[in-house]
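Paired with chain B in one complex and with chain C in the other, chain A is shared by the two complexes that follow.
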Partner chain A sequence: MAEKSQPSANYSTWPVILALTIVSAPLVLMYVYLFIDTITDTAVGSLIPESFTLRHWRFLWETPAGKPNIWLVTLNTLIFATSVTTVIVLVSSMAGYVLSRLNVPGRGFFLAGVMVLHAFPSVTLIIAIFIVLQMIGLYNSLIGVILVKAAIDLPLGIWLMKGFYDTVPWEIEMAGVVDGASRFRVWRSLVLPQVRPGIMAVGLFSFLTAWSEFILPQVLAPGSKVQVLSVYLSALIADDNNFDFGTFKAVGVFYIIPVLIVYALFHKYLMNIYGGGSKG
Partner chain B sequence: MRILLDNFSKSFGATKVIENMTLEVGHGEMLALLGPSGCGKSTTLFAICGIHRPTGGRILFGDRDVTDLPSQARNIGVVFQSYALYPHMTVAENIGFPLKVKGMATADIRKEVDRISGLVHIGNLLGRRPAELSGGQQQRVALARALVRKPDVLLLDEPLANLDAKLRLEMRSEIRRIQRETGITAILVTHDQVEAMSMCDRIAIMKEGEIVQIATPAEMYSDPRTAFVAGFLGNPPITFLRGVMANGVFSIPDSEIRVPLPASVAAAEGAKLMLGVRPEHFTPTGDIAVPGKVMFAETQGRENLYDVRLNGGPLLRSIQPVRHDVNIDDAVTWAIDSRNVLVFDDDGRRL
Partner chain C sequence: MKTSRMLGLVMIAPAAIMILLFFLMPVVLTGVFSMTNMTTATGISGGAYQIAPHSLNDLKSAMPEIAEQMSQPRYTIDEVGLKAVEGLGLDPGIATELRAKHMGEVFPSRREVERMIKGLDQRPSTPDVKKISEQFNRSVVNSRFSSKEELFSVLDTLGFTLTDGQKNSVADVTYTGWNWTTENFSRIVSSPDMARVLFNTLLYVALVLVLFNTTYAMLLAIWTHYMPSAPATIFRSIWLLPRITPVVIYVLMWKWLAWDTGFISVLMGKFGYEPKNYMLDNAYNAWVFVVLINGFIGASMGMLVFSSALKAIPKSQFFASEVDGASRWQQIRYIILPQMRWPILFVTCYQTLSLLASFNEILLSTRGGPGKATEVWSLAAYHTALNNYAGNLEYGLGAAMALVLVVIGIVLSLGYLRIFNYGTLVSRPLIED
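Let's look at the complex of A and B:
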């Protein structure tokens, strides 16, 4: 799973490492400059920074006129991402079990339908969703966009969880049932622990995609009270009157830090996502 | 507790697996359901434990009709072929799970787990997880979990199939010992005739959803009702000679082989017959000498096994104490013990 593979003794690895370094250098350089630009001032046309400054990070302690407070926006993003994750994990861990194990009428049809939904680009639905949200009064609210985002990402979660449940042996459930446990208890205390890697993977995946979601909040919840970071960021670059590339970059760095932290801590669970299943 | 299957039937969709089967297992008895794969023995087991719902008939535990009761309400212990231990729990938690579900107090669960793990000799493993156990130890844990809540009946589904040969021998006698000590009624599902014969009080041989014969292992070996039963029991297996009744004796056309039949066998002149000869009844000491050529010889350490092709084509198997004077392609004249042959008609029914 996450073990580092031993370098093979059959050939030396430095040419491979060299080639990979050359290929990835531009990417790394871009990120390095992204960060350097946020804490320095550079003359136009020059590559070498001239002076250190924290000017670009001002947005953290000052709220510019006409812009929402950054911490409110961050809180909104956090609420948005965790709520979407919670909904997706809750629903897909149950729906995946039902579709994997129970004899639901129209199961095949349902699975195929879920798959089609997953293949549907969400942009094509956005006008319809906008109208629906406006009619039921959830336009410009976090709840509305949370529900929409969760609904659009659910098919993938359900399919992934179904795949994980499919690998849990039937005998474990049979044993639980003859041991006297109810079907719900069997699911809760015997089967669910077997699919923990799946739940971790689906949860992380949902969190990361929700964190970076832009188009849905932009269209469905643009108001300054419910803004999320991606919308805030795009408003910065769209603002022609106070164009400030340094701040834009600083907000960008601020925006990806949580993603990097989450990824660094949990990437091995994310690797499981298409692995499906657990070894006891 | 006595188990009774009364006219039990089970079908999956249009496929009838078992039709009108009646089977009684006595109190404290260990019964084997023996048969080739697909004969319906596991279906029967799963119906008894309530995982499959019967399509017809009744299932009784003692006087209690459990036909419509769900598994949870039946009080049974099951050992699955794969053991089905809960991987995320320790051995003690695994064994205690049925009691925990019942809502028993933690201290009482501990006491019961200690008692039962002593019985199956795993007292020192209680803190481990299933992945850290050997196959035989997992098997013992599965047994302990099945027995811990004092079930009315213990069901064993191919419990030894995943063990290596030496462990299988050990667990065979262990399971039997534990069954005897607890006095529990047990049903063993297996396709291995050695397991069935060595572990059980009685064997029910199944074929295509029907019970062909129920008897004690010894009876069934010496007195099989059909050629199928005779062929299923015994290792190395029995061999059959095909022939006809001619002049009051069994004879194989186009050969010299004539075998007088036991007086109890009534067969019409000219009837087609099958003569079953077990390997231990074709040796140098029998009474009907038949010549042949050794096609195959195998030494098993204590005994040698020979395949002998008789003049005229048919094959007989012989098992004898080890000897070094007979090799492949040697011509031999060994003899059939005519008092111990089993005679079947053309359809495989014993005469």
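Let's look at the complex of A and C:
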């Protein structure tokens, strides 16, 4: 990650630290207030909170009229994110191996296709996907939006898994083949354990992007039975009748905590992916 | 050879099917839908034929007489009407005679049918004549037919004498479903709104790309480069936060900052300024916020790419330059920047496409407002086809707008494939079994 030694002995470092602190301040401020505002009350026209309160967190035990229950929404989000992750990990760990190792006709073509699709801005397809899901009856269902989200993130998953498979030494597989194992057995028992960090990275990344996804569920599954947290929160914010930043932020914190935990625990895996170019 | 090929095909099949269904098919279908005039009104499956007042108005210019005839009620002596007459409780001889002598006859006006009824053997009274004639009133206005054939057969039984060409034009104006058309594209080209949206899009991509995705990201990378590792890690993590934060929360925080009861308003209130919504107050402010919101997200990717490229520069180059007395600026200018061409190209290529297509942040922050000041192409397509205040969603036009982006996306990403030479990434398998 960061340098072990100073790149320069001649210059002092405090000016850059100061400059970076100043430009980072608004960002830090926004995140600090995101958390503070959920458990405090602040007088109008003041920036300093004055009293502790839990009333912004009422949404956890009270369901406002016309809004779905928060726990149902959380469950939907969890189902959505884990299903997308499972599909992507399963499909891309197989396809990545084929592209890295097996002799399949059209392999180069498929790999190029995956690269093009990875760069391709898939959100432009949302209108066609919306119409298709309406035609085949998967509109407003979790299954439909799970399949679409998984397919859209699949090229990145395949690409990353192919990269991880490329680093596995051929000798491992050759040894397995010489000992009489089938290619499938070799993949399953010998190669797959070698790419566990890759599976981890792809899985974490898929989970985070699915957990954060907004526009696909918003367009393809907006119904209250299948609502996910992002759609729930945006509907809450868009509702002009109950304007309350404290509650918005409490829901926001509730929604962001899993993301922050995953990021704090595993940010080494994720750094590589974000640096390699993810969408957004 | 055989087994690995079979295994390969089986293992890649799920990926291929998913990509085919949810990637390639939507690409093709975007093209197909863009050639239609699908809207909420026409529905997405086929439509029906309905002779509504407005369709008769359309017909008036081409075939005034027929339109006039169709708008008038017509009188047909049919079984349904006869049953109704029997139910009126009049002399049963009336219905019997009508059935025997006049079954299937068509009268173009009330006057004619009533003259016929008056001439019946039973000689019904004038109020009864009116009652009877009413049972045979068969106006075509507002009737609905599920197919062309049904429409034509009803027109025939009602005694309209139409040529095939006339029939087809009647079918055309009464059809409620969607049609094939190329009008969407001419609308895009000729509409002044679209020109404005195009300008917005170019401005948005250029500003975010130049100010944040490259310049500011480079600044962050260089700053953290000239820093001990502990603070560098902290700052990098801070600047990754916008990317990992779910977009709804991220934009919520910006709204809080800019809202009329938000941070900036309160802060400026201390200096005597009126509180206002700084984000939507005027077009200029909206643009500043749109660029900042997207820029802060975009900066993180560039920062990571540039940081790892910086790390790849041999330390000896920095040490040597310092021995020669180079200033920090000279190091940046003559050592760092020349070696950053490739990463900058990569980030530029990559981010251009995602900026062109993504509209999450603008949708959630300004919704393209105030007015249409920050409406970009992808957001305009979304507003046209999937969500607008008017409620009539124009799927066809929206698909045509999306198709423009799809084509740009395909062309550019194919181009990138050449630039970054991905052909070398496929290696020959070493085990051939």
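As a working rule, the second predicted complex is superposed on the first by the 242 of 280 C-alpha atoms of A that agree within 3 Å, B and C clash if a C-alpha of one lies under 4 Å from a C-alpha of the other, contacts with A are read in each partner's own complex, and residues count from 1 in each chain.
In this section, a residue touches a chain if its C-beta (ideal position, glycine included) is under 8 Å from a C-beta of that chain, and two chains touch if they have at least 3 such contacts.
Computed from a prediction, not measured in an experiment: that's the story for all the values here.
In the superposition on chain A, A:V44 makes contact with chain C only, not with chain B.
After overlaying the two complexes on the shared chain, residue contacts for A:R55 are found with neither chain B nor chain C. Touch criterion not met for A:K67: it reaches neither chain B nor chain C.
In the overlay built on the shared chain, the residue A:V178 is in contact with chain B alone; chain C does not reach it.
Ranked by how many residues of chain A each touches, chain B and chain C are led by C. When the two structures are aligned on the shared chain, A:P169 is found in touch with chain B, with no touch to chain C.
Touch criterion met: A:L190 reaches chain B, while chain C stays clear of it.
In the three-chain superposition model, chain A touches both chain B and chain C at residues 174, 177, 182, 278-280. For chain C in complex with chain A, the residues that touch the partner chain are 1, 3-5, 7-9, 11-12, 14-16, 18-19, 21-23, 25-27, 29-30, 33, 38, 44-45, 220, 223-233, 235-249, 252-257, 259, 261-263, 266-267, 269, 296-298, 300-301, 304-305, 307-308, 311, 315, 318, 322, 328, 331, 346, 349-350, 353-354, 356-360, 363-364, 378, 381-382, 385-387, 395, 398-399, 402, 405-406, 409-410, 412-414, 416-417, 422-423, 425-427, 429-433.
Those residues of chain A that touch chain C in the complex are listed here as 1-11, 13, 16-17, 19-20, 24, 26-31, 33-34, 37, 44-47, 87, 90-92, 94-95, 97-99, 101-105, 107-108, 110-113, 115-117, 119-132, 134-135, 147-148, 150-152, 154-155, 158, 166, 170, 173-174, 177, 182-184, 208, 211-212, 214-215, 219, 229-230, 233-234, 237, 245, 248-249, 252, 255-256, 259-260, 263, 267, 270-271, 274-275, 277-280. Considering their complex, residues 49-51, 70-72, 74, 76-78, 80-88, 97-98, 101-102, 129-131, 145, 149 of chain B touch chain A. Chain A meets chain B in the complex at residues 169, 171-172, 174-182, 185, 190, 193-194, 278-280.
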